[in-house]
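Everything on this sheet refers to the single structure shown next.
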Amino acid sequence: MRVGIVGVGWFGFQPEVVDYSFREMMFKAAQRAYEDAGGLDPRSEVDAFVSCQEDFWEGISIADEFAPDPVGGAMKSVYTVAGDGLQCVGQAYMMIKSGLFDVVVVESHGKPSDVETLNEVIFTATDPISLRPLGLENVHALAALEARAYMSKFGVAEEHLEAVVEKAHKAGVKNQRAVYASPGKSRSATPVVAEPLREADVAKFVDAAVVVVLASERVAKRYNDTPVWVDGVWWSTEFSSLEFHDWAFPLHAREAADGAYTQAKIADPYKEVDFAEVDNRYSFKELQHIEALRLAPRGTAKDLLADGAFCPGGRLPVNLSGGALAEGVPFEVHGLARLSYAVGVMRGEIKADVDKAETAVVHSWRGIPTATSVAAVLRI
Amino acid sequence: MTGRNLNFKHRVAVVGAGLTLFRRRMLETPQELAWLAAKQALDEAGLTLKDIDCVVIGSAPDAFDGVHMKGEYLAEGAGGIHKPTVRVYVGGATGVFVPIAAWWHVASGLCKRVLAVAEEKMSHSAKPHPQYVFRYIWDPIVEKPLNPNLLWIFAMEMHRYMYRCKAKKEDIALVAVKNKRNACGHPSAQLCDPNIKVEDVLNSEVLVWPVNRLDVSPVSDGAAAVVLASEEEARRITDTPVWIKGIGWTLDTTHWTNRDLAYPEYVRRAAEMAYRMAGIDNPRRQIDVAEPYDPFDYKELHHMEGLGLAKKCEAPILTREGVTQRDGDLPINPSGGLLGVGNPIAAAGLMKVAEIFWQVRGEAGARQVKKPVYTGLAQAWGDLMQAGTVIVMGI
Amino acid sequence: MRRIKQFPEVMEIEAYVYTAGPVGAKWLEALKAGRLTAAYCPKCGRLFMPPKMYCPYDFEEVKELREVEQVGVVETYTVVERDFYGEPLRERKVLAFIKFPGVEGGLIHYVKTDRPRIGMKVRPKWREEKRGLVTDIEYFVEI
Amino acid sequence: MTKPKNPRGTPFEEVAFPVFEMPHVGKARYNYTTGWALGRFLAGLKEGKILGTVCKKCGRVFIPPRMYCSYCFREVDDWVEASGEGTVHTVVASYIEATRARAKEPKIVGVIKLDVPGYNFDDHFFPGVLHYICGASDEDVKNMKLFGARVRARFKPPGQRTGSITDIECFEVVKP
């Protein structure tokens, strides 16, 4: 039983959504998604709802209690995954494959502008014994440690990061929700945050909500003439403690991608994938994730990128949207942002510079201090 | 409604369960508590971590353990590293939801053996008191400025139930007495009291009328784990797999001040979903033993009614008549429940699932109910009095 | 139409009281005594740090800590110049991941140096007054 | 054989080393966007009004208000104003604070089912808020006399209101 995406809706993608609460943002994104799914009625046609969020992002304990009403799920089967939106897609995929569910709605929202102490909140995700007493003033430093390890091991130079940043901002100009896209942005003109990372290497945060409707093959055509099929989705947690994870290479992304490719029967991703949307919340992460997703051999993404292979119109465009560097990071919505953009491109609703858009891989990483990635293979 | 397809492909069984001690304060870190339970579940199933394909974690608010992204943190102790690991969450109802989510990991055909782990370490949030964490579960704008204590919401529900059902505090206290006595047969139990009487409950400190201290489950640290397997694997692992026959869950509206609290409609809907899948049309006759969620004594009664194990307002009568005792016709919470074994939120819910597993296998020893057990049920409840999760298991 | 647009909120308690577990507690006691130790897994023979009561590699129980020579190697580092919100720090800080030969894992900690580099050998600079925390090591210095 | 067999864990009572404290004050601060519905609700409170929204499809009135109908999944149609009077739906007497410390005086709190002119509500779904109830004692709670009692919102003086649910001091029992 294949699983299809039959509706997508988003709201926000503004640095600060001032007029609407997170619940109202969820509602607006859900309205658009249901309209996109041929006017699906969530009160009678949906078997289950999955929401992706974390308590400390919301500033509410047991924040899942707010999930049902805004998406039309009151008195229905609703639950929360404390993970990236793509992990919710993974759960929905399994639910539909089990045969017990036909239509599952996936929701994620993030309102970083409501969090005043973001550094401290993120730092609270680290180990209380081995790391917390250090009191880091900038959690991005943990990503900088990974950046240095990767760059030193594979000979990546700052100019390669420059190229990633430039590509993201250029591509982002064509993406209507990429509020941070500023072509001509010079990475080297921005200050060093934590060596080797400069301000331009670090994606900013953004408020957003995305809702996706998934349906079994049996009923998908009722809601959409051109479902985008999820042919594989997998995730992996490499380690809980950064001390034990591979500093130079994101094995979690490799493991997630391999699982998704196996399900989708993709043997050679570089040849079989038409375009990709991957996490680039730090510039170097785009290079790492390209390699982890087997779209380039280890250590070669920088060269292929320099040759234009991953640029719009290139051999295998990566982040036609500009990714997180151009759109911002809306907490756990990140994966659904990548997915919804890819769906738009595949359906031809977003005019993107790509030769063929029949098979795509989308990926998300949960950011520091996690070592968890999700990857999904989409086909139309 | 597209209509749920009941002809799902794969049967799923529970093949092992593990628990830690439940105590007020534990030295082990949350990761280590998860490991203790996970390891015991694996050992009981005769498996090692290498046999596990996927891991599902459950834990209630991050604010207890004091770790943001608690699922990421727990993954290592739960056996979830280098594996697809996911943390699911429905507040207090999480414990029973973990095996529900693990069910579709297996039923989808994508995982063969799944470890489901739930953990809670409430003692970390010690200053000023773990109860204080619950301050942040209220609506931050229209409720929290009133400085509520979590017990308010339960007391309001309990009082409304008493008002509508004309139930007396003495009747409700019988539940606490039964469960704290039952707990004496449970090796993990935090609050066994073989001699407790109704007067002890009624004379304990009044916290929020009508709730006295002994009407409430304690603050606890602890973890629980179960191993799920596909039919083929389950038969290879054990001669006595316990099948998951039905799953169901429902979330009512967030806005609890807009609805009547006397009857848990969301539990009824959740149970209906599980019963339909399990082919149960007369739960009172077809369920041999049940572990409804009992963080408060009235909740056991409330949930029995929601689950269709008693008619509306009938549960206090059944309790008074002894029907819900271990040797009764409908044994309820033979484990000792949250009131007796303890309440490390998500772990307590999964403890109930483990209890049904052991009851069905006849391995509950001192706690084994008198009547033969073919089918059992575990249920949990949470969020702002809005979440119901139900699992039906049997031979 | 008038609206109140923002509402301040906290989600915090006074303090968390963390425990380090049976093995972690011994590790912290060793730190308090100025000794660096790692957990020893009897099954796979690995030493690992930070320690836990189980081996993260084979899931077996771990009870023993073994002393580790106080010589670390910088595997990766960063020089932190600004805080998370973009303000320059008063003092640049070198944060590093430090490995100890023969030990899995390691420590994320500060290094006091003007010339950080990968592969540099470092040793801990202990505080006079120790409390049984990872910050009993004030920072690492080059050997 | 009684399962679980030898469950493990190391309980302790004394709070001493190796337990260590980490202050959390100031580490998780937020500034909530109230949004379309609650933003106006709070502004209304400041003006001494209790506002709600209504879905004309199903006729439900939502107080506290929201911009969507949870039951019809559509935007609400209009605003309504509650009269400020209502009935006690459920009520309790709290002897403890949020911190679990004993309170000096019992606090009476409950859910108030609000009157909205032009609408009638059953006990199944109704506009209602959580709030303090004043002019009653804990004895009135214990003997259940307060169930169904009529109450009226007592607002703070205009100068002291900030646009918060606490702009209502309490709901006062209306003497028959």
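Which chain is which? They are A, B, C and D, in the order written, and residues in each are numbered from 1.
Operating definition for what follows: a residue touches a chain if its C-beta (ideal position, glycine included) is under 8 Å from a C-beta of that chain, and two chains touch if they have at least 3 such contacts.
Since the model is a prediction, treat every value here as computed from it, not as a measurement.
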Of A-C and A-B, pair with higher C-beta contact tally: A-B
Separation of mean Cα positions, subunit B and subunit A [Å, integer]: 33
Separation of subunit B from subunit D, taking each centre as the mean of its C-alpha atoms, in whole Å: 27
Distance between chain centroids, defined by C-alpha means - subunit C, subunit D (Å): 44
For subunit B, residues contacting two or more additional chains: 25-29, 31, 63, 66, 76-77, 81, 126-128, 132-133, 136, 140-141, 253, 255
Contacts with two or more other chains, residues of subunit D listed in rising order: 10, 15, 18, 21-22, 24, 26-34, 36, 38-39, 42, 66, 70, 164
Residue list for subunit C, restricted to those that touch at least two other chains: 5, 7, 9-11, 13-20, 22, 24-25, 28, 56, 133
Chain-level touch network, classified as line, ring, star, complete or other: complete
In the complex with subunit B, residue positions of subunit A that touch it: 44-45, 47, 54-56, 59-62, 64-69, 73-83, 87, 90-91, 93-95, 97-103, 121-122, 124-125, 127-129, 218-219, 234-241, 251, 255-256, 259, 263, 366, 369-372
In the complex, subunit C residues that touch subunit B: 7, 9, 11, 13-22, 24-25, 52-54, 56, 58-59, 61
Touch list for subunit D against partner subunit B, complex: 1-13, 15, 18, 21-22, 24, 30, 32, 34, 38, 41-42, 62-64, 66, 70, 89-101, 106, 109-111, 123-132, 138, 141-142, 144, 147, 164-166
Residues of subunit B touching subunit A in the complex: 1-10, 29, 31, 60-63, 66-77, 80-92, 97, 101, 103-105, 107-110, 133-134, 136-137, 140, 247-255, 265-266, 269, 273, 277, 382-384, 386-387
Residues on subunit A engaged by subunit D in the complex (per definition of touch): 17-24, 27, 30, 34, 41-43, 56, 59, 68-70, 72, 74, 111, 113-117, 120-121, 124, 128, 132-133
